[in-house]
Amino acid sequence: MLEIRDLVTAYGTIEALKGVSLDIAPGSITCLLGPNGAGKTTLMMTIAGVLRPRRGTVKFQGEDIAGRAPDAIVSRGIALVPENRLVFPSMTVLENLHAGAYQRRDDLAPDIERLFGRFPRLKERSAQLAGTLSGGEQQMLAVARALMSRPRLLLMDEPSLGLAPLVVEEIFRTIAELHRDGTTIFLVEQNAHMALQVASHFFLMEQGRVTFSGNPGSLAEDEVIRRAYLGA
Amino acid sequence: MTDFLQNSVDGLAAGASYSLLALGFTLVFGVLRRANLSYGPAIMLGAYAATWASLHFHAGLFVLFPVMLAASVLAGAYVERLAFAPHRAGSAITAMVASFALWMQFEELATLVLPGHLYAFPPLHEGGPLAVGSLTIRVEALVMIGVAVAACGALWGLLYRTRFGAAVRAVIDNPVAAGLSGISVPAISIRIFALASAIGAVAGFLIVAAQEQVTPMLGMWSTLKGLLAMMLGGLGSLPGAVAGGLALGLLEAHSQWYLGPQLRDFLAYFLLFVLLAARAPWMNTRSAS
Amino acid sequence: MDEYAIGVLTNIGLISFLGLSAYVVLICGELSFGQQAFFGVGAYAAGIATAMFAWPLPLAAVLAMAGGALAAALVAWPALRLRGLYFAMATLAAAEMFRIGFELLHWQVELAGEIVGPDGTQGFRGIRWIFERGVEPLGFLVLVWVMLAAAAASIAWMDRSRLGATLRAVGQDPELARSLGVDVERLKLAGVAASGALAALGGALFAHHNTYIEPRNFDLMLGVHSLAYPLIGGLGTVFGPLLGAALDIGVLEGSRFLQGYRMLVFGGLVAVLLIFRPRGLLDENLVHRLKGR
């Protein structure tokens, strides 16, 4: 579904992605692991169109989308739940959800009902300003907002960061459900243990490159965790 | 007491147009995080176009307004394409300097079209003022306040009751998140520029019709008033823009009465400087541009 | 050299002081809409000194520079913790206050049967010190350019020194500089004060060249121009603002047939130029490459 070849993204003269290549199979849950500063967020932001790559291709269902604007990426069926959530603080929860569905012209009510069903706390706070929500609630909102565009590929950058264990479980339950319903998921996750339980495939990124690709179990879990947190 | 009320009404009328100018600046600043220094000059070009039409076709206000609106919006689009769109990912200073450069162009263009120092503009109201109790209220003042209120109402409706408005608020809140939600920031920027130019045209129209004259100083004047009002009310806040404009109008009316026109302007600048230096809480100085 | 060319070159020189002054503030990382006020302070101070109190020009110029530095410090000190557009607006407000101050300045004395001195919006006539001493236009041109060269040389020297590197570091990333122990506020204050002195020196010379100044000379438009010069000429070197000034006045005013369209052409050129060279013609990258670093 997603084919990335030799992707290079730089900040000025510093190359954060030094030639990343990877494949995401449709219908899979793929996890991207790696220490801080490896370039995982840069990769997500490049795929989502927020950052423009210097070189390389990003083929989504055969079409090269590298360097396209973020709204063009969304229209092709990719949505990113960014690190730091990035909700719209001065808009209500409901308005945030509507924003996520900006490109849709059909009736949003069934989707909103479903999302409120999954995240009842959002339903309680639907008229509240997103800036007043707790971290966990904002994370749920960010996920829900991304889902409003009915993406075929959902990107998630550290969805469990700073969340209480119960909320983390809820997020991963949602990920599993989405997977069952046919959404392809590509997530960056520090919580390697939880991630490897849901993922069918994972990549390890270190210093701007993909250094390992495999199924959970192909590397001893503690070696994976060690490299993910500390680098090789 | 009557003087105070009288001056307050005049102050509110002037403040009404300052509010609209400030709203235009704030919309552009909110969406693009940059100040458009060609804003006043674009409005002036609109006023000049309308004046030219008035001189050559003796058209009435109802024709002149659309002319002014069209010219201002066109000028605004020119500025957006040349000075802001190319630098979206670049430096804010570069964009602002580019907008100065266009300001210079607009000033010269205006004097080439109409070389004089002063041109008459058809008045807003032909009769005399109204007597309300012991007050003499100029009809122009009422019209200005009324139109400004209507314009603010329309803007509020646009921002809070339409899909476009929600997208604008999203971009103002967080442009990256807006992009990720599928909102095209460049498309919103162009439309906001047009909207800001239109609002500016309304403000400018009220001003030149109320004063019954157009001068080349209109460009610089509206830029200064709009910037002052926007900053006084707190940069980036739409309600602040309205409040800032009204406050500026009231401040000017009262200080002119007691201190004369030069000290009136001095006081406004002094107030802004002090508020900025003291980093008054509503001014959002902590979020630097 | 004909009189017209001398006039054009002198104007380039005079306006370059303003360009240099804005350049110094830009290097410190801030945008100032107020340099024209310091130019005006210098003009009025020097004019008053020579026309009303018979001071010699050199002394008047020193007074002007001191006045400019003081005025700049007065503006910058309360605004030190402000950044970006907020700082710029503070300088704009201050500059307008100065201009209104010039409008309110009525101070005249009677000298040899004539009334001399600033008369508010009517302006300040009779700043004839250089003409009374028979200084020729060419001579004055040389004086202006010698002073300009001295100013530019000092800035270039400073740019090469550690002070210059620190100043640029403060301009690029003040938080980083602060964390490395740099007193960011004091450095900025010093930078702005120096820029005020520079502008004031230019103003002093300007007043004597024109013999007549009025508050309208020192409006926002002049400030906008002074910012444009370093930004189009380039922020990489002290020659940047000089190039910018030369481009505006030299090429466009100098070529007489563009006279009535100067701002149209210049404005368009600047906007287009900035699309391709956002940091100006002689930007930091180019300068580094030219120096072979």
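So that you can tell them apart, the chains are marked A, B and C in the order they are listed, and the count of residues begins at 1 in each.
The rule is short, and it goes like this: a contact is a pair of C-beta atoms (placed from the backbone, for glycine too) under 8 Å apart; a residue touches a chain by one contact, two chains touch by 3 or more.
Quantities reported herein were computed from a predicted structural model and do not represent experimental measurements.
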Inset, instruction - Would you identify the chain whose C-alpha centroid lies closest to the centroid of all protein C-alpha atoms displayed? - result: B
Legend entry - Between the pairs A-B and B-C, the one where more C-beta pairs touch: B-C
Legend entry - Cα-centroid distance, subunit A relative to subunit C, in whole angstrom: 52
Inset, instruction - Mind checking the centre-to-centre distance between subunit A and subunit B? Centres are C-alpha means, answer in whole Å. - result: 42
Inset, instruction - Please compute the C-alpha centroid of subunit B, do the same for subunit C, then give the distance between them in whole Å. - result: 30
Inset, instruction - Name the residues of subunit A that each touch 2 or more other chains. - result: none
Inset, instruction - Enumerate the contact residues on subunit B facing subunit C in the complex. - result: 35, 37, 82-83, 86-87, 90-94, 96-98, 100-105, 107-109, 112, 220, 224, 227-228, 231, 235, 262-263, 265-266, 269-270, 272-273, 276-277, 279, 283, 285, 288-289
Inset, instruction - Could you pull out which subunit A residues touch subunit B in their complex? - result: 48-50, 69-71, 74-75, 79-80, 82, 86-91, 95, 98-100, 102-103, 145-146, 149
Inset, instruction - Could you pull out which subunit B residues touch subunit A in their complex? - result: 163, 166-167, 169-170, 173-174, 176-186
Legend entry - Complex contacts: residues of subunit C adjacent to subunit B: 26, 31, 78-79, 81-86, 89-90, 92-94, 96-97, 100-101, 103-104, 219-221, 224, 227-228, 231-232, 260-264, 266-272, 274-275, 278-279
